[in-house]
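So, here come the structures, one by one.
Next come two complexes built around chain A: one with chain B, the other with chain C.
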Partner chain A sequence: MPTYLKELQQGLFTLLTNDQRIILLGEDIIDPYGGAFKVTAGLSTQFPGRLITTPIAEAGITGVAVGLALRGYVPILEIMFGDFLTLCADQIINHATKFSSMYSAVSCPLIIRSPMGGGRGYGPTHSQSLEKLFLGTPHLKIISPSNFHNPGRTIQQIVQYESNPVLFIEHKLLYSEFLQVSNEIIHVNLQSSEEGYHTAIIKNYTVGNPDLCLISYGGTSRFLPKLLTDLAVEEVRIIAVLPEVIDPAPIDILVPYAAAARRVVIAEESTADFGWAVGIAGMLYEKLWKQLDCPIKVVTSERCVIPTASEQEKEVLISALKIENAIMEVLSWL
Partner chain B sequence: MSAQLEFFYEKMLLIRTFEETLLRLFSQGYLRGTVHTCIGQEACAVGIIAALNSEQDTVCSNHRGHGHFLMFSEQNMYGLFAEILGLESGICNGKGGSQHLHVTNFYSNGILGGMVPVATGIALAHKLKKENAISVVFVGDGAMAEGIIYESLNMAALWQLPLLLVVEQNQIAQSTPWTLEHGSIIEDRSPAFGVPRIAVDGNHVESVYNTAKELITQMRIDNAPRCLVLHTYRLGPHSKGDDQRSSTELAMNQEKDPLKQLEILLTQQIVTHIKMRCQKRISDMLTHFLIS
Partner chain C sequence: MAITISMPLLNVNDDSAILVRWLYPEGAMVNKDEAICIVETTKSAVDLYAEANGILRHLSPTGIAYKTGTVIGFLTQSVEEEVSVLDAVVETTENPTVITPKWTRKAQILAQRFGIDLNLLAAQYPDVSITEELIKQVVAQHQSTPSAEIAIEPSLQHQHSWGITQERILILGGGGGAALVLDILSSIASQTAIGVLDNNSSLVGAKILGTDVLGDFSLVMQLWQEKKFDSLISTVVRDIDDRAAIFERFTQLGIPFANVIAPSVAIRQNVKIGTGNLIVHGGYIATGVHLGNNNFLAAGTYIEHHSVIGNHCTFGPRTSLSGRVTVADRVKFGTQVAVEPFIEIGTKSVVASGVVLTSHVPAHSIVKNTTSVVIRHAR
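Presenting the complex of A and B:
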C-alpha cells in the first residue's frame, strides 16, 4: 500500500493535471525543497507557474489565496505548521468564510492544508492540534483524513464539491504511514456521506455486537491497527468510527454506532476541555439520552505546553495506552 | 472641462446627500447598527473610481465605503440603501449592512487593513488571467498601522502585481489623531517596499482624477503596483455624533471641503440645478422606501 504522503501528492498531481483553476501556494513549496513535509515535491517542476512559493507571511498569503478564490481560482494554500494558523485566523474567520456567506452569489473555494500534531519533538509552537480553535466557525468545513481514508481522494472531493473555505488538517506522523485496509483481524469499511466524504468504520470482530464504540479522527488513527489487534486478542470487541469531515461532524452517521455499542470513548489529540471530543459527546448525549450504559469518556492530550523533551512530550500527548485505559475504564462500568 | 467638473460635482454631491440622509435617518431611528460616512472625503472616491473601468477593474473597500460603492455602482443606490436599512432586498440580502458590500467587482469588509491582501490576491488573479485589469484597495491612515498591509506591499512588489493602494489620509483614526498613531509619515512606507508612491490633495477632485488616470495608464502597461496617498479630512464624525475635535479645527477644514472648492468654479445656476437633481433623487428614494 502507498503511504499517506504519496497518496496526497498523487491527489494534488491529479488536480493540477485536470483542473486549470488549481494554484498551490505556500512557504518553501517549490523544488528542490518541495515543502517542509515534501507534500508538493516535484510538482513545481511538473507544473511550471502553478505553484507559488511565498514570503513568510501567513496572514498575508491567506488573504492572497482568498483573493484568488474570489476571482475564479481554487487556491490550495499550505501553512507549513498548523500552529501558524493563528496568524491566518482573521483572514479565515473574518474574510473567507464571510465572503461566501454574507455577500450574495459569491463563492470562495479556498483550501488551506496544514500539518498538525505532536510526537516529533518539535516543541511547544510546532506540535499542537490547533484545529480545535476553528471548530464551530460558521461556513468553514474542517476535514482531517486518517490513514484509513485516502487523503488524495479527499482533496479531489473537496475541489469538486466545495465552493466555500475548507481547512484540511494532516497529522505529521501520518505522512509516512501506509494507508490501512482490512486484514484478518481488522475490517475496514468506508461509509459515504451524501457529499461523498468517508467515515471509516473499523471493527476488530466479525460476529456479534460491539462492546464499545471508539470515535476519533485524523492522526489518532496511527494507534488503531495495533490497539484494535491487541484488544481483539483479549476478546474486546471495538467498533472505531473515524469521520474525515470533523466539522460539521456527520453526527447522524455516528449515532447508530454509538447506540449499538451503548458504551462510547471519544479520542482526540488536542488539549483537554472544550474540544472536538467534548462537542461530539454533547451531540451524542442529546441524541442518546438514557440509551447508553455509562457516561461517555473523553481522551485528549493534557492542557499544557507540549514539551520538546521526548519523555515529557510522551507524558502530555494522547497515546495508545491512554486510549486503552479509557476503553477499559468504560468497560468496567457495571 | 466644465462638463467634467459638473460630473464630479454631481457624483460627490450625491454621495454627500445620501450620507447626510443616513445620519438623519439614524437619529430618527430608521437605521440600526452603525454607519461610517465619508463626508469631506468624497473627492477621493469620485476621483479614483472615475479613472477605472468598472467592467474589468476591481475595488476593495472598507468600513467607510458608501462613497466608493456609489461611485462604482450608482445604479445600485437603492440596493445599497435597502442593505443599510436592513432589508432583504438589499444587495447582500440585509446580511452585510453598511460595512459589508458586494456587487460585481466591488467588495468591502469591516476589518481594517484586512482587504489589502485580498486585493493583492485579486491583483494576482488579474495578472495570471492576463486581464489587464487593476485591483484597487482603499484604506485610511488609521489602517496603515495594521501589519498585514506591509505583508501585502511586499508581495505586490515581489510579484509585480497591478495593485493600487489608495490611502485616504483623513488625519484621524476613529478618535485618535494620526500623530498619535504613526511614528513616521505614511508617504515613506510603500517606497520602502519597492512600490512607487504619489501623494496629492485628496480634496481636489481633479488632482485625484488626473493622478489616478496617469497611474492606471502606467499600470496597464507595466502591471506593477502603485500607492496613492490622498491628503483629506474627515469632516463628519467617526460614526454618529462621536466627535471630540475642536470647532476651530473643524471650521478650518470646512474651508477645504471638496464640494465647496468645486462650487466656486461652477456657475450658481449649475450648482443650484445639480443640488435640486440630487435632492430629488434622494427624496424619490425615500418615497420608494416609504420614508418621509
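Presenting the complex of A and C:
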C-alpha cells in the first residue's frame, strides 16, 4: 500500500520525467539528505541539474523561484517548515500573485510546497498550521490534500492547470500514512470539481441519511479512519467532506452535504478564531440559513503557542477526541 | 541472564535510528559506561554505552535503521551463553474482555432527544443492546398511545378533598428533616404522619411538631406487620450511602416509600417521579423531567426541563439545574449550586455549595469553588 510520501515522490518523479519546465528548489533537498522529510529523496541523483539546493534564505529563494516562473519554468519550491512561510509572505502576496494582473501576458506558475502541523514535538516554531495567514489572498490557490486524496496526482494537476501561484500544504504526520480507500465500514468517493481537483466524500454508513456532516481538510484526515469506524459501531452516521483545494473553497460542493445532514462540525488544526473553519461556517450560514438544526460547531487547536513536551502539545492541538466531543455536542442539540 | 541492548529513543522526531558501527568486535569484553556502538538519527550521531560489564554480542548488522526499542545486541557473562531475540520479547498475554454496551451512543442521543429513560428501557430489554431502531419503535408506540404512564397529575395529589383516604407515613430519621416532612404533611390532606423513628435512643419518646419518636429503625418491620403505616419517607441525608442502604433494604422487604411533595412545588406535565422522594417548598420540576427514587430536594430546588436525575441524590436549598442535565445516582449537591444545560454529573460526586458547573463531572468527583477564600483579616 502506498504512503502519502511515496505518492508525492512518485508525482514529482513523473513531473520531472515528462515536463522539462519543472525545476525543484529548496534547502537541503538534494541527495543524500533528500529534504527534511525525504520528499525529494533520490530525485537529484535521477535528474541531475534539475534540483537546486539553496542557502537558508526563504525570502530570497522564493524570489528566485518567482523569477524562474516568470521566465517560463514551473518551479516547485520546498519551504522546509511551513512556519518559515512568514519569510516568503512578501514575495507571495506583494509580487508573485500580483504579476498576472499588473502586467500583460505574464503568468507566474509557481508552486510552493511546505509541511505544516504539529504532533511530533517540534515545538513552537516548527509545528504551526499557518496556511490561515494566506487565506483570501487574490490569485493565490491553497491546496492541501488529505490522505484520502492522492498528493502525487494533485501536484501534477496543479502543473497542468495553474498559471498563478499555488501554496501546497502537506501535513507532517501524513507522510507516513497510507492513502485511504474504501473498506467494509468506510466508503470513500472522490468528487471532481470543474478544474479537476478532488473533494473526498467519506461515509461510515450505507443506508439512511447522515446524522452529521464533518468538514475538514489536510492532516485532520489522519483521525478519520478510526473515528468514523468507532462511530459507525455507535450507529452515528457521519459524512465527512474533505476538499483538497481549501482556498478558494469549493463551497458549492460542500453545501448539499451540509444541507442533507442539517448538523455540521468543521475541523481544522490551526488556532481558534478567524480561520478556515469559521470562514467555511460563515459561507454555509449564508447558503443554509434556517435549514440547519443547530449552530455549526468549529473545532480547532487552542489559540496558544504549541508546547514541545508531547503531553502538553497533545492538549493544545486538535485531536480525535476533540472532534468526537464536538460531534456529540452537535448531535445533542434537540 | 543476558542484558539486552536496544535502540533508544534519541529524539522525538525519529522513531528509528541507524546502527552505524560496533566499536568492539563480537565477543569482546566491555566495561560499564564504555561506548559500545554508534547510532545515527536524522539530527546527529551518538554513542551508546554499556549498562554493565560483560561480553558484547552483536545481534543486528550495521548500516541499517532499526525502530526504537529493537534489540540490537546483548551483554552476556560468558562467550558461550546462548542469546536469542526471543529473550527480549516481552510476553503480552492480554486477554481483552469485550464489554457490550447497553446502548449505542446514537440510541443515547435519540433517547435524550425524545425524553426516554434509557435505564428503564434497558431494564425492559435486559439482554439486548439498545439501538436506534428500538428507540424509534418506542417513540412510535408512545405517539400512538398517549403517554399517560409517564405523566403524573400533580394537581390530584395535592387537592384538599376531605373525604380522601389518607396515606399513613412513617418518617425515618428524627433530625431537622423530620420537622420538614411534618411541616409539609400538615398542609397535605392526602398524607399524614403516624410517627418518627430514629436510631438515636435519646430521641425516643420526644415529640417533633407534635408527632412521637416511636423508637429505632428495627421497629419498621413490626409496625409494617401491624399495618400501622402505608409507606415510609427517609430524612437521612448526611451519609448518602446510608440513605441508599435504608431505601434498598426496606424496598427489598416489600415496604413501599412515599413521595412527600410540598404543595407549593410546581410539577409540570410529563414529569416522571419514582418513590421515596422528598421535595420541599418552592421547588420546580419542569416538563419532561425524570426523577428517580429516594431523592431529597431542599427548598427552592429547580430542575429544568428534560433533566434526568438518578436515585439517592440530595440537593441543597436553591440548587438549580438547567435543561437536560443528567445526574447519576448518589450525587450530593450543596446549597445554591447552578448547573448549565446538558451537563452530566457522574455517580457519587459531591458538588459543594455555590459551585457553577459549566462542564461535565466524572463519577466520584468532588467539585469545590476555590474562589471563596478569606483574602484578608480585618484586624
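Note that the second predicted complex is superposed on the first by the 334 of 334 C-alpha atoms of A that agree within 3 Å, B and C clash if a C-alpha of one lies under 4 Å from a C-alpha of the other, contacts with A are read in each partner's own complex, and residues count from 1 in each chain.
Throughout what follows, a residue touches a chain if its C-beta (ideal position, glycine included) is under 8 Å from a C-beta of that chain, and two chains touch if they have at least 3 such contacts.
Small disclaimer: the values here were computed from a predicted structure and weren't measured.
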When chain B and chain C are modelled together on chain A, clash or fit: fit
Touching partner for A:72 - first (chain B), second (chain C), both, neither: first
Partner chain(s) touched by A:102 [first = chain B, second = chain C, both, neither]: first
From chain A, separation angle of chain B and chain C (C-alpha centres, steps of 10 degrees): 140
Touching partner for A:94 - first (chain B), second (chain C), both, neither: first
Chain B versus chain C as contact partner of A:64, first or second or both or neither: first
Superposed model, chain A: greater residue contact from chain B or chain C: B
Minimal inter-chain CA distance - chain C and chain B, angstrom: 26
Residues of chain A at both interfaces, chain B in one complex, chain C in the other: none
Touching residues (chain side chain C, partner chain A) in the complex: 12-13, 42, 104-107, 109, 112-113, 131-132, 324, 342
Touch list for chain A against partner chain B, complex: 23, 52, 54-55, 57, 59-73, 75, 90-91, 94-95, 98-99, 101-104, 106
Residue ranges of chain A in contact with chain C within the complex: 36, 120-122, 211, 231, 233-237, 310, 328-329, 331-332, 334
Touch list for chain B against partner chain A, complex: 58, 91-93, 95-96, 100, 102, 107, 109-111, 114-126, 128-129, 135, 147-148, 151-152, 154-155, 158-159
